[in-house]
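Labels A, B, C, D, E and F are assigned to the chains in the order they are written; within every chain, residues are numbered from 1.
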Amino acid sequence: MRPSGRTPDQMRQLTFEPGFTRHAEGSCLVSFGDTRVLVTASVDEKVPPFLRGKGQGWVTAEYGMLPRATHTRGNREAAKGKQSGRTQEIQRLIGRSLRAVVDLQKLGERQIIVDCDVIQADGGTRTASISGAWVALRIAVNKLLEAKAIAVDPIRTQVAAVSCGIHQGTAVLDLDYEEDSSAGSDGNFVLTADGAIVEAQVTAEGETYDEEGLLRLLRLARIGCSEIFEAQRKAVGQ
Amino acid sequence: MRPSGRTPDQMRQLTFEPGFTRHAEGSCLVSFGDTRVLVTASVDEKVPPFLRGKGQGWVTAEYGMLPRATHTRGNREAAKGKQSGRTQEIQRLIGRSLRAVVDLQKLGERQIIVDCDVIQADGGTRTASISGAWVALRIAVNKLLEAKAIAVDPIRTQVAAVSCGIHQGTAVLDLDYEEDSSAGSDGNFVLTADGAIVEAQVTAEGETYDEEGLLRLLRLARIGCSEIFEAQRKAVGQ
Amino acid sequence: MRPSGRTPDQMRQLTFEPGFTRHAEGSCLVSFGDTRVLVTASVDEKVPPFLRGKGQGWVTAEYGMLPRATHTRGNREAAKGKQSGRTQEIQRLIGRSLRAVVDLQKLGERQIIVDCDVIQADGGTRTASISGAWVALRIAVNKLLEAKAIAVDPIRTQVAAVSCGIHQGTAVLDLDYEEDSSAGSDGNFVLTADGAIVEAQVTAEGETYDEEGLLRLLRLARIGCSEIFEAQRKAVGQ
Amino acid sequence: MRPSGRTPDQMRQLTFEPGFTRHAEGSCLVSFGDTRVLVTASVDEKVPPFLRGKGQGWVTAEYGMLPRATHTRGNREAAKGKQSGRTQEIQRLIGRSLRAVVDLQKLGERQIIVDCDVIQADGGTRTASISGAWVALRIAVNKLLEAKAIAVDPIRTQVAAVSCGIHQGTAVLDLDYEEDSSAGSDGNFVLTADGAIVEAQVTAEGETYDEEGLLRLLRLARIGCSEIFEAQRKAVGQ
Amino acid sequence: MRPSGRTPDQMRQLTFEPGFTRHAEGSCLVSFGDTRVLVTASVDEKVPPFLRGKGQGWVTAEYGMLPRATHTRGNREAAKGKQSGRTQEIQRLIGRSLRAVVDLQKLGERQIIVDCDVIQADGGTRTASISGAWVALRIAVNKLLEAKAIAVDPIRTQVAAVSCGIHQGTAVLDLDYEEDSSAGSDGNFVLTADGAIVEAQVTAEGETYDEEGLLRLLRLARIGCSEIFEAQRKAVGQ
Amino acid sequence: MRPSGRTPDQMRQLTFEPGFTRHAEGSCLVSFGDTRVLVTASVDEKVPPFLRGKGQGWVTAEYGMLPRATHTRGNREAAKGKQSGRTQEIQRLIGRSLRAVVDLQKLGERQIIVDCDVIQADGGTRTASISGAWVALRIAVNKLLEAKAIAVDPIRTQVAAVSCGIHQGTAVLDLDYEEDSSAGSDGNFVLTADGAIVEAQVTAEGETYDEEGLLRLLRLARIGCSEIFEAQRKAVGQ
């Protein structure tokens, strides 16, 4: 039995609130249970220096956590003067995941910057961020299509992510904080709606795992992502 | 006529959502119209080094703005590696304002850190922060009183803040972004529920002002703060 | 009775030594009693990026305190690698105060950077800085006028600043360090020679204040600034 | 055919030079073809603050790349004043990988810091670092065992890492720079000598992959790691 | 003929104004011609961590230059967030020079921090700093002796510094900015009043030099330092 | 007798391994006994901003020490976020020394960046760096000459450096760590193959020295540099 009473392949309550803030071209408040992340997608009509004049666009992400998103207050990264290794690792993963489903040529010479700010954390902030980021990106790109700034949709398919892990010997889906902090191994899978894998990362925390374990986690991830893909589609009215 | 259609002494729609996040000892989502700030109050059972062993507590504040809280995206302070002068000025003001109504002896040797993070900005983020900070602080201190960690209530009275300014020759209350960016002079007043002034700051932006102007702004501030005090009391069930 | 033996509306000994250093286009050593600030005004024939090509100039300020300007040595900000919130707050105030009396169009596309470095501190370093900054700026602009780099004087009037506060129940003018550290409330007023207010900031430190208190402080500030205006005029031979 | 002429499951020339530097308790120059990393293991008789008094030890890693280890010179991180997200991601992975095979209780209250500095880079610097780090750690721990500072060997088994990827449709082992920069997907596997997985990370770079692809890469990784384990044992005389 | 009309072995006008500021235990405004440096010596009754409990004291120095001390304004190091290599090189030299004439055992477990801030620069700021630093240190130590905080004088002798260089083929003493920027080689000598050398640094700038050149510069330095020693003695009433 | 058994004028075993790494245009592993420094010379076809369009080139250097190059591990400068004063002092010296023998006009508008990274430290890292830097620079410039990117050799002569010091009353050459940490005075001399002095720096560490001492050290330096010049020539096949 999981601490939350969920079955091993049961996701937490999943919600996407599109348009949560009004200035961003796309925005969304995503909740995976008590984990809540505010995602905005900002369109910038300039590309970063390394892409200037190459006729293609860029999608990148930044990630942050409000100091008291967590059980005990963490130091504010702006006050410390630097982003932690964990923050940088997560924002690199979000950016890579989004770019895997975007045709950067079709986006044209513009950049979309996705900001994922964790309002409340209860495990799985990076997977909620990626899943919500797709929604914010979809909304922002829809505006560009409506405004005829882009001729052809650059988003090839949906992308979503979910965590899985081995908790007390059982492979479980979408770990909350309590499970996450005691899991033997845990990982994050980033999948596309057409069944492909964008990123698989599984780490042994205390206990190593084997090929069979890896595959079981991947299968759970497929179950979780199906549910997320459906919720994403509803959120963007697709 | 004001751009929003409000009368000169009319506040924007004012709401406090106490308990917006679950980990912090006190929290509140405050809205002054489209300006929305998430405030959390975290109790830390240690005081900063300069107060160790002095038998008194401390209240301090940190302030931040999500990169796309604004009309165009601003750079993330954590990524730039430093907080702007504006950020530091605001967080110092919030901390001073709260300490003006707290008896630090009665708080005991503990610190309350108030985090004000702007989710959406439309003028008046510092005054919304101060007003919401009192609500989060009140909730956190109530928990300490209930848990009998504190014997006597250290909060002497309410504190709230509102901006006022001279816009196209008229003194107006609670400026939104459009008014704020074109006001001749504007200021912020921090007042207590028993009628005293904690802080008055009025700055000429382009046009100087006179004593009569200063007093007119102060009188508007009193009107605005009365309304805020009432909303604060409702929010904390007082 | 004030610790220094002054009457409540008595300024400290006030001196401006124009031309204290030789490289700057304008310079001045200003003393408000034992508070001494070296101010230089440097003309830069480029404007900051946000103003390029707009046909107007800019005036900005930086502030610093030598490590042993104070009773006990403070850490050097250059060694710590960042400027404190207090430093940034003060330098923003100095810049705003000067811009309030300068017509930036008439200045032309150039920037004047005013550096205020506190050699010795005894309360009122920001008000001495503002008052001395006007002298250094006036001298630098006179040179531009003499050299015919500017056709019409861009400085509209004088600007000066003075601190006032409530010390042991009495409103007093131009607080020294001893009064400043025990004042119930204290503030800074930035006024122009034609009687207008540029900035009013009054903060309760331990004791709140009321409208009557605010006005009494403003009246004291008028007395102090008259005296400063006269000394400024003498210093620049006006 | 691979650019280097290797078969798909062929590792590059693999060498470990133990004792490459003389001050460190353990050291090793590891080469995976033209990728050369200098690894040192330093024993520190103090643990980091979060572990003080808990009766257990710690193993951590830092990673760096000499500015001209690469084809074109990169900026020196010490001069830029911060470590890149990539650097932090890699050093976190090295530390986690080593801790997966160390019993921190048996290590006692001391820390081993492993420094991995890339002398020359040609793809696979993180996997060479992990593989060499085990050798340096083994040597350092052997010294502690010989000196009877530790009673029981805290190292449970060997750990090694290798990269695999899909290059022009073929799954290949131990990618060099040329393959790495054009691979459709690539990943890193960290395995133990007793057959378990410590970390699997596979990222789609341009092309997504499927379950079958993931398994093929894992099988290649097993082939590569067997070879590394044997070379490690020779290097430490086991 | 030198640009200033001085003879090759002629120092600029040399003045020491002891007690220039009032808070520091020792202070001095030193002028070497138009180069003016404000030096303060601050007594701190704690030693730095690496000396705690060792029964000896420490003398250290910090150096800074006001932004407009120079012909054209330089950026403020506090605003840039770091001290330049030049600044660090100079402050290390000042500290070493002072420690060469102080018996750190006799100083007792306390630290004297000497701050050298350049008010106006015209070449030779580091040599003026060292020469003035001795005066400030002497005054501060005299106070400690008078207060009987120290039993025996820890200052063994005087220390002073002067620059010399080869300018248009001639060896000249105490270079001003104009000479300094066009000298073929130039150096700084730190000497003690009893004839010993503390530090010699001679750098070829464009033209190398030979042994004879080195000796000629050293002889000039002896002439200059004699004059400085006499002025130092007068300044401290010795 | 010296701790190493060397005679006072005996250098440590001296080796240059040219071409130690393959990506850099020039590289060399230099050893002065147990001090080993990896030097690379990188050709950059752009000059720094202050030289753009002036028709001349630039040579600069950066220096670093691997954390465990030393007896006890030092903190990594990239992790601390800044380079120490010592690091900056050394890299400035290396750059100046190289520029003293290069005709920057003949180099053309390009920059050569020399990186000196200390693999293992046993005293004399800066002198080994300078001596090895010349070898790496020579190799890189030879490539430019062979490629006819440069018409005329811009390197005028060889440059080398060696440390000397007074250890237990005796002037000794090429100090190792043990001698260096107990020397009364010590210095570094940078000399050219045609007998000129580029830089002389002699510092009293505990004991001052006199003119005779300075000359004795210089003479030892000449002996040491002769040996280095010969080894340099062999290394580059001259």
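Assume a residue touches a chain if its C-beta (ideal position, glycine included) is under 8 Å from a C-beta of that chain, and two chains touch if they have at least 3 such contacts.
None of the values given here were measured: they were computed from a predicted structure.
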Third chains touching both chain D and chain A: none
Partner chains that chain B and chain E have in common: C
Rotation, 0 to 180 degrees and nearest 5, that superposes chain C on copy chain D via CA atoms: 180
Chain A and chain E, separation of their C-alpha mean positions in angstrom: 59
Interchain centroid distance [CA atoms averaged], chain E/chain F, Å: 28
Rounded Å distance between chain D and chain E, as computed from the means of their C-alpha atoms: 50
Residues of chain D whose C-beta touches two or more other chains: 81-83
Neighbour-by-neighbour ring order, given that chain C leads and chain E comes next: C, E, F, D, A, B
Partner chain C, residues of chain B touching it in the complex: 82, 84-86, 88-89, 91-92, 96, 100, 187, 192, 195-204, 208-211, 213-215, 218
For the chain F and chain D complex, residues of the former touching the latter: 21-24, 27, 34, 36, 38, 40, 42, 44, 62, 64, 66-73, 76-79, 81-83, 87, 113, 115, 117, 119-121
